[in-house]
Amino acid sequence: MNFRVIAKRLLFFVLVVWAASTIVFFVPRLSTRNAIRERFGELARTGGFSPGDIEKLIASMNQQFGLDKPLLDQYWQYLNNIIHLDFGYSLSKYPTTVTEVIAQSLPWTIGLLVVTTVLSFVIGTILGAISAWPKAPAWLRGIATPFILLTGVPPVIMGILLVFFIGFRLQWLPLGGAYSPGLVPGWNWTFFFDLMQHQILPALSLILGSVGGWVLSMRGMGVTIQGEDYVNYAEHKGLSGLTIFRDYYLRNALLPQVTGFALALGTVVTSAVVVEGLFGLPGIGTALNLAIRANDFPVIYGIVIFITLAIALLMLILEFVYPLLDPRIRDS
Amino acid sequence: MTTISESAAPDIVRQPSNLTLFFRYLRRNKGLAIGVLILVALTLFTVIGLFVVNPKHAYPLSAALKQPPSLKYPFGTDFFGRNLLVAMVIGMWQTALIGLLAGGIGTAIGVLLGFTSAYFGGWIDATIRTVCQILTPIPVLLIQVVVAGSLDKRDVTILTMSVIVAMLAWMGPTLVVRAQVMTMKERQFVSVAKLSGVSDMGIIFKEILPNLLPFIAASFVGQVFGAVFASFYLAVLGLGPLREPLLGNLIWAAQNQGAFFNGWWWWPLIPSFAMILILGALALVNMGLDELANPRVRRTE
Amino acid sequence: MTIDTTPARAKKPGSANANVTEPVLRVEGLEVTYYTDLGRAKALDNVGFTLNSGEKLGMVGESGSGKSTMALAMMRMIKPPGRIEGGKVIVGGTDLMALDELGMRRARLNKIAYIPQGAMNSLNPVMRIGAQMSDAIRSHIKGEARSTVEDRIAKALRSVDLDPGVARMYPHELSGGMKQRVCIAIGILLQPNVIIADEPTSALDVVTQRQVMETINRVQSEINAAVILIGHDMGLMAQAVDKVAVMYAGRLVELATVREMFTDPKHPYSQALISSLPNLDNKGVFQGIPGLAPSLLRLPKGCAFHPRCPHGKGELQSNVRPEPVILPGGRMVTCHLYSEEGHVHEGAK
């Protein structure tokens, strides 16, 4: 691991975040909508207004948000802010800053996201490897099939179905929310139990839909690896099926799978976010949902950039994991 | 006693017709077969539906409100008075449009860029490749949310949806096509063609493209899948062309009106099932085409 | 009655086989068919031969003649859509075809070892060389102490002229020739009765070729195994082997000692092969063999070679398959030209 390589990876990381931020900056400004004007339009509709004063308010808000400065100046200011993780103020929850909004909702998301992602990946990878291995018993290979069939089902729909059948019809699990209303959060068993109950359906929606994806990619990789000469040669050496599966097949197929995991992070996070919205869990997904409905642009942009940052960071970390897995990379 | 054979040449291997080979392959690759079957069924439903139904019924206030499925309204109606059967037909047609359009755009860009990148190499290749790599980690869906969310609600139409969806989806096909063309460039049949005096364009069309077709086809289906998926998500979040009966829109509206709590279960469920069928079929076909493109996968069947 | 065609050789040390004329390898009636979408392809058709300890058999033929299929069939590594349809492969008294899965797995590397073509890709990229050798050992011999295993590995590596330190390296750190020699080392780890080397030098330069061939010779004499060398380089065969077997369209058309094959080939195909070799003494026009090898999916009726054979116009050649016959002196030919001279080989169906 030499300096040049590390520098290159860091540069990549920075470029990704920069690209995302730039897109998020310029795209909305291409449209004719002005967030502040709309916001005040809404407020005015409910509260009544006098035209002259409204304009003065809008102008002063514009100034506060720095929207009256030339575009390029705004851009530099914007980039500068991002480096300091300052995403500005939330429009709908003013004067809460976007960063606060994110900070409040993040913990809920992380728990769900991390657990479901890791579980889906591990289960999917193992099932995928097994399902492509011709020597594995047929029933074992068959376990993967229902998951594959479920790949077409987006977690959101899965969530809807689960909520309907298990939550509504069977009433086994709660329909939404992070915990039952009226329960006070605290470090006790009752709360924890209730919390877990509420996490099951969202977790299932995410896991059931995404396991299939991992199964398929691992299976594809597995098939390719199977065709490799060294797997064949391992059989020539008279090694047991299990040894070949573990040392020659799995270990090699895992490499691109981990890469795939890094690339898929975007989708993983997005699905989690949307499912959250569906179940009304107070995480980033719901925050995003509410922001969309309220046209709270700073929050929307802040969340998008934040998530991009998180993904890019995870990818960066994974880049350092590869050499541990593949000796060929260590030396190149 | 056998007749004396004068011919010295061995018999030509009798090739079964291409159609027979195709069906034999389908028998082995059941996933592809099922996927294609479902897609054909859905297409029939949509096409027949388009001829049979009155499109106006897919829009609000064209039928009795909140009716559960019955003979008169096979899929029921929703809160706004849309005949769900008609809505489904129109919605599926629109989804297909978005899928094909966005998929087509994405694939076309991908093929063009990937090919250019691989064929010309040098800094062109480096630039295109680096741009693709940088854009890949960006959560595409979220960006699409940003874009869709920034648009004036009236500007969101089927067409703009397609463009939005295709905007950030071309990186995958670009890299795939590029990888394939690169391996082909190195392989001997290209050098042989060059030596035989075939022009550059000739090489492109006669040698490289035919070999690329399976990959392009697989990429296209993947793109369609992605496009349908993305448009669905955007619609479910309420960012789609709200007037249109897109399946995602229907579900979003249902959630908004608390369909489950009010007992109008058919409203979100039926579009959900339709969506599962569409995405599932596309996924199967995609997998099947991947197999076709990768002969090694075929060998183990 | 088994025909003994070779001079007596030293017994393999510790071998239970006291009778020196009992061949360590006997192949009888081996048949392999591939069931493809386009039809059935007979990759091996009634192939049979014997080999003694310490002997080297060179197997030559065009691409698709069945030589590699032969090797795979002997290791029982034919994968679908191919199937071994029949025959026996008797190594040191045991018929490999009759073994169950576990038995065959134990026999691989132990009784019969395979050195792959193209060692470039045959080594697991993520495992050290030593690990890839020790797992082979441990699969066959349970409970050996680590130091014993390491000694075995070091000894094998030294036999192929490699430094024992190679065991700690990864495959990508080795050159092509070194990787090939590692594969040879793996092949001799358990001192098998039969070693099959599948085109071991095809991908290497001439200098390394020589190294590798010398290595194979040396290790063979150390453990007194029977070696089957598969290739298409007749010149290499001339220098390296004792007997030569010629394959054509899945059939064994001639089997003779190296001297016999190069001075007096009997089968028209062998004759054409030999005469096509460049010869410093006989300068002249390059001789090829007219026509193409037939597709295994649709073999010519009768003798597989008859369309390209100068003697192939007769009714017999076009309609009746020739059977392998043994000529005086012990060589075998599968050709109508010699069907009266010899008697039918016992291994034939």
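As written, the chain order gives the labels A, B and C, with residue 1 at the start of each chain.
Note that in this section a contact is a pair of C-beta atoms (placed from the backbone, for glycine too) under 8 Å apart; a residue touches a chain by one contact, two chains touch by 3 or more.
Being a predicted model, the structure only gives us computed values, none of them experimental.
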item	value
Highest-count interface - the chain pair sharing the most C-beta contacts	A-B
Most central chain, Cα average position	B
Chain of greatest Cα-centre distance to subunit C	A
Separation of mean Cα positions, subunit C and subunit B [Å, integer]	50
Geometric centre distance via CA averages, subunit B-subunit A, whole Å	23
Chain centre separation in whole Å, for subunit C relative to subunit A (CA means)	56
Residues of subunit A engaged with two or more neighbouring chains	none
Subunit C to subunit A touching residues, read off their complex	75, 77, 105-110, 113-114, 116, 118, 120-127, 135-136, 139-140, 170, 172-173, 183, 186
Subunit A contact footprint on subunit B (complex, rising order)	133-143, 145-147, 149-152, 155, 229, 232-233, 236-239, 251, 255, 260, 265, 268-269, 272, 275-276, 278-284, 287, 290, 294, 296-297, 299-300
Subunit A residues within the subunit B interface of the complex	12, 15-16, 19-20, 23-24, 27-28, 30-33, 132, 134, 148-149, 151-154, 156-157, 160-161, 163-164, 168, 175, 216, 220, 223-224, 226-227, 262-263, 265-267, 269-270, 273-274, 277-278, 288-289, 292-293, 295, 297, 300-301, 303-304, 307-308, 311-312, 315
Complex contacts: residues of subunit A adjacent to subunit C	228-230, 232-240, 243, 247-248, 251-252, 255, 325-328, 331
